[in-house]
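Same chain, two partners: chain A is paired with chain B first, then with chain C.
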Partner chain A sequence: MKMNTIKETSQNNFEQCIKCTVCTVYCPVAAVNPLYPGPKQSGPDGERLRLKRPEFYDEALKYCLNCKRCEVACPSNVRIGDIIQLARLKHSKKSPGLREFTLANTDLVGSVATLAAPIVNATVALKPMKAIMDAVVKIDHRRTFPKYSQGTFEGWMRKQREAQAAFERQVAFFHGCYVNYNNPPLGKAFVKVMNALGYGVQLLDKEKCCGVALISNGFVKQARRQAKVNLGSIRTAVIERKLPVLATSSTCTFTLRDEYPHLLGLDNADVRDSVELAVRFIYRLLSSGEVQLRFRKDAPKLRVAYHTACHMEKLGWSCYSKELLAMIPSVEMVPLDSQCCGIAGTYGFKKENYATSQAIGEPLFRKIEESGCDVVSTDCETCKWQIEMSTSKRVLHPLEILADALE
Partner chain B sequence: MRYDSVIIGGGLSGLVCGLRLAKAGKRCVIISAGQSALHFSSGSFDLLGALPSGESVGSPAERVAQLIEQEPSHPYAKIGAEAFVETAEAAKQTLVDAGVRVSGDAAQNHYRLTPMGTLKATWLTLDGYVRSATEEGLEWKNVVVMNAEGFLDFYTQFIVDELRKKGTTCRVCSFSLAALDAIRNNPTEMRSANIARIFDGEECIAQLSEIISREAGDSDAVLLPAFLGINRYDVLDELKRRTGRECAVIATLPPSVPGIRTQIALRRAFERAGGVYMLGDTVAGYDEKDGRIERVYTVNHGDIGFSADEFVLATGSFFSRGLEATREAVIEPLFGVDVEQAASRGEWFERDLFAKQPFESFGVATDGEFRALRGGKPLQNLYVCGAGLSGYNPLTEGCGAGVSMLSAVRVSDNILKR
Partner chain C sequence: MQKEFDVIIIGGGATGAGVARDCALRGIRALLLERFDIATGATGRNHGLLHSGARYAVNDHESAEECIRENMILRRIASHCVEETGGLFISLPEDGLDFQAKFITACRAAGIAAEAIDPKQALRMEPSVNPALIGAVTVPDGSVDPFRLTAANVLDAKLHGAEVLTYQEVSELIMEQGRVVGVRALDRKSGEMREYRARITVNAGGIWGHNIAKKAGVTVNMLPAKGALLIFGHRVNNVVINRCRKPADADILVPGDTISLIGTTSSKVPFDEVDDMYVTADEVDLLLREGMKLAPSLEHTRILRAYAGVRPLVASDDDPSGRSVSRGIVVLDHATRDGVEGFITITGGKLMTYRLMGEWTTDLICKKLGVEAKCTTAERPLPGSRKEERERTEKKIHALPTLQRESSLHRHGDMAERVEATTAAKRSIVCECEEVSVGEVEYAINALEVNNLVDLRRRTRVGMGTCQGELCACRAAGLMAEMGRYCTSRAKQDLAAFINERWKGMAPVAWGDTLRESEFTKWLYGGVCGLTTKKEEE
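Then we have the complex of A and B:
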C-alpha cells in the first residue's frame, strides 16, 4: 500500500483557510442563532486576532456545538471545530458552575444515581423538581433526563467473566457512561453479537468517562486526568493483551481517538487505530467472510431510519452501521439526510440553548415523522434522547436491532 | 469495501459521472474532501465562449471543430466535434433529470449578467437568473435593482453603471425587513445562505412581495441578489405570482445559494440511484498491480480500503488540491500521474494578472479515453474528468463547466463500454 501523509503547515492550521465561506453554510448554529458569529469568524478568522491579542476572544464562542460539521464541509482541511474549542479552553473567563459540574460529571452522578435509581428517576421527572432545576440551575424544564438503571453494566459484566473468558478470541469494551449507568441492555446486546461472532468481551482495567462533557463544560484539567487513566487502560489492553478496544458510542470513540490529541494534547498515536466502533469491527469481520451471523426467521419486519450523529459524520463511519442494518433480513432501510439533531450532549439541556437546540433539530424531526419508519437508529446516545424527546419514534442502537434479529 | 466504481471528488464532474454510472446500475461511491466549487457557482454553466485565438463564440456547436484545430490537446478534442452536441445534451439531461432546472442550448450561447454588470456568453443558466439573448443589453428597458440593507456581498452600483451603458434605465432600492435585523447585528454572518433561510419562510416571502409591489413602480423587472430559496425552489416563483412582476436574480459573492441547491439536488439524485456519498474524507493511499489501481485507502477508513473495477479522478484543480504546485513542479498528489506543464517555473505565469495565464491549462495528462498517464503510459482503470484535466483555459475560453460535465459524460460512457 502506498500512503501519503496529509500536509499541515502548523498544528493549529488556521492559515490553510482560504476564506471560501463554505463552513458558514453548514453550521447548524449560525443558521438559527444570530448571536453565534459562525465557524469562519469564530475559528480561523478569530484565531488570527486572538494570536495577536487574547482580548479579542469572544464569549459567544460558547454557542458552538462542537459538531464538527464545519470541518466535514471544509475543502481545505482546516480543523475549524478544534480551533474554536481550543480557544474556548484557553481564553474563556467564564468559570463553570454547579449546573456544568452536574451535567459534566456523568461518572460521579451516574454512580450515585444508579444506587437509588427508582427514587432519582421519579424525582427528576416530577414537575416541581423540573421547575426548581429550571429556575435555580438553569436546566430547561422541557428536558427529560435519561433514566438511570438499577445496577450498572460493569456489575453485570463481573458476573459474566468466566463465560466470556471461555471464548478463544477476545475484545475489550469501552462501554461509556450511558451503557454503564443508563442503558446496560445496549451493552448486553453488544456482548450477545460479539459472542455470536465467536468473541468474548472484557472490560478495561479501569474506565473513566471519556470526558467529552467535561471538555465542553470547561473542566479541562479533570478531562485530562480521566483521559490519562483511559489511555493507560487502553494501552494495557492493546499493547500487552493484543486486544482491540471497541465502543458502541460514536462520541466516546471520537473523543478517545481525536479529541484526546487535538484538544487535550495527549498523544495516542500508538493505540488510536486500535480503538474503534463495534459496528466497524463487525463490518470488517463479516466482509472477510470468516464468520457469519444467523438471523431468526420470525423477526418482525422493521422499517429503520438511520440518523447520522455529528461525530459519526466526522468519523465518516455511518456506512458501517447502515451496511449492518441493511444486512438484517427483517429490516427495511428508510433514507434520512445527515443533519444535526441539536442536542450536542449537554448543550441542549441548558436553558439558554433550548430554543436553538430545538430549532436546529426541527427539520430532522419533521423528516423522521414523514419517513414512515418504525424506529430510528443511531450510534449516539444523546441524539437518541433528543429524538425521543422531540418525535413520536423510539430510537435504538444498530447493535440492539442486530442483536434482536439474531437466532 | 467493494464497489464497481470509486469516484474521487464530489463536485460537478464527479457527481455527473457518478449519477450516470449509478443510474446504469453500477455500485458507486463518491469520496469528497469537503464541499465543492459548486458553492461558488455563478448560476451558469459555460460550454465555449471564445476560441484560443481570442475570437468570441456564438454557437459552440458550430465552432468546436475550429477550437480542436487550434488546440489539439483540448479535452473537447477527445470528445470529438461530431459527438460534441450529443455529449453536451447528455450532460444537460443529467442535470435536468436530477431536478436542476436549467435551460440553454449548445447550438447558441446566451448571455448571463455578471455581478459586475457585464454580459458574458454561457451555455446553461439556472432558472430565475437574469439572462439575455444578445450581448448588446437586456430585453428590459427599465429595471429596479434591489438589495437588503447590510448585505455586503452584492454591489448594486457596478450593475447599475453597466446596465445604463447598455441602455437600460436603472434604479437602486435598498430594503429592510424585521426578520433580517437579527442577522444584521452579526455582520460576518450576513451572508447569502443565512438570508436565504429567512426568505424560505412564508411570512418573509409575503413581506418581500409587498416591498416589491410598493417599490417596483413602472419598471419592467425587479432584479435581486441570488439569496432566495436554499431549501425550496419556488421562492422566486412565489414572488412573481404575488406581485405580478417579472423578478430575476443576479449572482452574489460566495456562497452561491443556487449553487448549493444544485449540489444538494445532484447529491440526492446520486444517492437515490443507489450511490454512496462520503463527505469530508480524503484519499491517502492506494494499491496498484500491473498498471491497475486495485484499491484506495482514505483517512477516515484507514485499513478498510475501497476496491473497485474502475477509479475516477475528479479532484479538480489547484483550488481543491487536485493539483499542487511545489517549488519545482506542478504535481498530481494522489497517484503521482503525469501533469502537462511548462518546463520551468518562470513560464508558469504572465506578469499581467489579467493576461492568459499558462498555469490555468496545466493538468493531468490523459490518453484518448481520458485515462491518466504515468511515465507516458495509461493506467488501465484510472480515468480523469473535470477541472484537473490539461489542455484548456477555463477563463479565457469560457469552457470550465462544459469540460467538467462533458468529460464526466465521456468517462462514464467509457466505463460502461468496458
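Then we have the complex of A and C:
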C-alpha cells in the first residue's frame, strides 16, 4: 500500500488531541468549579474511555457551559465542546424536567408570556415567586429575569411589510426569540440601520427558536424538528430568493451555522455561508465604499466597553462589532478582554450553577466597573442579562448604539 | 540463611506465573525467577485475545478443544482480566463461503458454540465490520489482559507462600551428579550473583528456554517466530473480528481495554535477534492493508504504536528440521527424555492455555516430589476476580469520581479497594489518558513488584494511552522518587529509558498525529524538562 492513500483525517476528531491541555487552561468552568474535570478530560480523554464502555460517562459533564472557548484555544482543531455536548446527549441518564422544559422552550414560553407581559414580568420579579421557583423547579432566586415585551417583533414587522418591500435590495432576518418576545426595539434598530443602508428587511417564511437551549437541556429531538423548519425557511430565502439571512444574536447565528451540522447531524453546507451576523454584513458593506451612513451631529458622547460573547469568539467575528462601534463619531470604544460572563444561556439560571456562573463572571464584572464606560455593548442577549444583573451598567447591542447615532 | 525451596521456576511469563501459583496452592514451596519484569516476553506481546479456539478448529482439533475449555475457565477465575466481547468470523467476497460450512462443523466438534448469522445482523452487532461481508459466524471469543492476568497469578502465588523475584537472570544451572539442583542468577538490581537451590527446576523461559535448556546440556529445538501487531489509538470495534478462512497474516482485530489491535504477521527470526524486535515498514503495510479489510475505518484511525513478540514454537523431537511445528503444549521431563534429573521444560502452548500448562507441569512436579494434592486452579478465582469481594469493593468505593471508580475496578477488580483514595492528593491523576490516580500508582509500587516506569506501565497502563508518556511519565517518576524507590539521577535515567521505549513503538508508525504528538513530547522533555539523551550530551 502506498502511504499517500492514507487519509490524514479521521472521523474520530478527538484523535487529533496531543494533550497540550491548553483547552483546560482556557476553560472558564474548570478555573472555578473543582467538580468539573475540564474540557480535555471530559472531551477527548473521556471519549476514548466512553468508547471502551459507556459506564465511563461522567455526569460531571453537565457542568460544561458549551462556551466553545476550548475549541478556540485548541491548536489541533479538536471539536472539544462538540464532543462533550454529544456525549451528554448520548449518555446522560438525567432526563430533563419541568425546569429544563421551561428554560428550553423559549418560543412557547415567550409566545404565552408576551400575551400578558406586564403581569408575567411583575410576577416573576416578586420575592415569593422567586422563592417558589427556587424551591420547586430549582431556578436560582437571585437571578433577574429578562422582561417580556407587550406584543412581538413579528407582529410589528407584519405592519411594515409594504414599506420594507419598497426597497430595491432585500435581506432576510432571523430575529430569534429574544428580539421577538423580549426586545423588539433591537429588531427595530436593525431594520432602521438596514433601511439607512438601502436594504429592506423581510422575515423568513417560518421561524422557530434556533434550538440552542433545547440542545443544552437535552431536548435533542425537538431541537432537530425545529432546526429542519428553520433550514427549510433559510433555503427558501437563500436559494430561491437569493437573500442573505442576517441575525443579531451571536448564539443564534452560531447555532444555525455550526451546531446544526455538528450536534444535530443536519447538513447545512449549501446555505451555511449565507447565514451571518448583521454586524459582519454591515461592516463589509460599509468598507466596500458602496454606501455610507450619515451620523447625527448632536449624539451624546458615549464611552462603550465592548464584551466579546463566547459564541462571538468562536465565530471569530467580534472585530466587526468593534469596528462598527469605533466608526461612530460620538462613540469611544473600549475593548474588554475576551472572557466568559458565566451565564451561558440557561446554564446560569439553574440553582446548582449560580455560584459557578457568578464566579466565572466576576473578573469581567470588575473590569467593566473599572473601565469607566457609560454603557456595555455585546452581541449576545444572555450576556446582557448577566452583565446588567451583576454590574451597574446598561448593556446595548452594537446595532442599537449604531441606530441611535444615525441621522 | 538461604531459604529452602522445592521448586525453582525460571521465567515470569504467564506460564511461569501459572506454575508458581499452582505449586503454591498445592503447598509446594516455589521460587519464581524472572530476568526482567513479569510478562515482558511473548506473554505481553500478543493480541490479548481470549481465543474461543475457533481459529484452530479446522486444522488442530486438540488445540481448539483446549482453548474453549480454558476460555470458559478464564471467564470464571480471571473475570477482571477478561472482557466477554464475543467474536465474529467474517467471510469477504474474496474468501467465498466454502470455508464457512467446514469451519462451523469443526467448531462444533470441538465444543465451540459457532452460529452462522446474517451479514446484516453482524453489521448491527459490530458497526465497524467491513460492510462488504457475505457471511458471518459468531463464536465465544473475548479479550484478556495478559499483564493483569500474569500479575494476578503472581499475586496469588505470593499470597500462598511462593517467592517471586524479578530482575534475576539465571546464568547457570547447578548440576550435581547429573541432576539439576539449583541455579546461579545475576541480581540485575545489585549486580551480585546469587545461588538458589531446589529439588526441581522448571524451565518456563519461552523462546529463551532454548538457551536455558542448553545450560543443562539438553536440546530443546525451538523456532523463534516473530509476530508483529499494530495498536490503534482507541476502540474501533467492540467485538473481536476474525477472517473466516485458513489462518493467515493480520486477520484478527481485537478490542483490548481502551484500544484495538490488529495482528499478526509471522516470520522466522534468528536467536540473536529475539531480545530486540523491531517492526518493519513492510510489516506495518501488511497489517494495515489486511486490517482495513476487516474494518475499513482503520484506514483513517490513528495508530499508536507497533510491536512484535516471539512465539516459542517447538519442533517435534523426531523432526529437527523444524518443519512440523506444533502449537500444542510441550512438557518435557528431562529425566526420562535426556537422563537429567530435577529438570523440566514447559513450552509451546499459548497464552490461552497457560493455566493448563501450569497444571500439567505441577502434576509432574507433584509426582516427582511425592505430593498428592490435586490442582484447584480451574476453580479458584484469582485475586481481583472474586465475586463476593468485588461486590463488597463496589459498595466501598461507590462515592469515588466516576472515571476513577470505573478505572480502578476495571484494572484491579476486587483489589480496587486497596487503591488509596481518601484524600484529594491520592485521587489526583497521574495518567490522564488511562485515568490512573496517585493512589493506584502507589498501590502498584507497594504491592505489585514495580521497579521502574516500564514495570509500572504493565501494572496500571500508565503511559499506554494516546500521549504515550507525554504527561504521565514525569509525574510517575516523581512519585517513585518521592517514595524512595530511586534517587533523582536514577529517576532521570528511568524517565529517559521509558520515553525511548515508547518512541521505539511509535517510530514504525510515525506519521500524522502520532508524529505530531511525539514531537510535542520530545519538546516537552527535552526543551522544558532538560532531559537529554546520551548522544546529545556528547
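Miscellaneous remarks
As a convention for this text, the second predicted complex is superposed on the first by the 397 of 407 C-alpha atoms of A that agree within 3 Å, B and C clash if a C-alpha of one lies under 4 Å from a C-alpha of the other, contacts with A are read in each partner's own complex, and residues count from 1 in each chain.
Here is the rule we use: a residue touches a chain if its C-beta (ideal position, glycine included) is under 8 Å from a C-beta of that chain, and two chains touch if they have at least 3 such contacts.
Predicted model, so just to flag it, every value in this text is computed and none were measured.
With both structures placed on the common chain, the touch criterion links A:58 to chain C but leaves chain B unconnected. Of the two partner chains placed by the overlay, only chain C lies in contact with A:16; chain B stays clear of it. Contact with chain C, but none with chain B, is seen for A:49 once the two complexes are overlaid on the shared chain. Contacts of A:71 after superposition on the shared chain: chain B is touched, whereas chain C is not. Of the two partner chains, neither chain B nor chain C is touched by A:95. Residue contacts after overlaying the shared chain place A:319 against chain B, while chain C stays out of touching range.
Using the contact criterion defined above for the overlaid structures, shared-chain residue A:37 touches chain B and also reaches chain C.
Judged by the document's definition of touching, chain A residues 1, 3, 5-6, 18, 20-21, 37, 40-41, 45, 76 lie at the interface with chain B and also at the interface with chain C. Residue ranges of chain B in contact with chain A, taken from their complex: 1-2, 33-36, 39-40, 182-183, 185-186, 188-189, 191, 193-194, 197, 231, 254-255, 260, 268, 271-272, 276, 278-282, 284-288, 295, 297-305, 319-321, 333-334. On the chain A side of its complex with chain C, the touching residues are 1, 3, 5-12, 14-21, 37, 40-41, 45-49, 51-53, 55-60, 76.
The part of chain A that touches chain B in the complex is made up of residues 1-6, 18, 20-22, 24-26, 30-31, 34-38, 40-41, 45, 71-77, 273, 280, 283-284, 287, 313-317, 319, 335, 337, 363. Those residues of chain C that touch chain A in the complex are listed here as 233-235, 257-258, 285, 288-289, 297, 299-302, 401-403, 406-407, 410, 429, 432-433, 435, 465-467, 470-471, 511-513, 516-517, 520.
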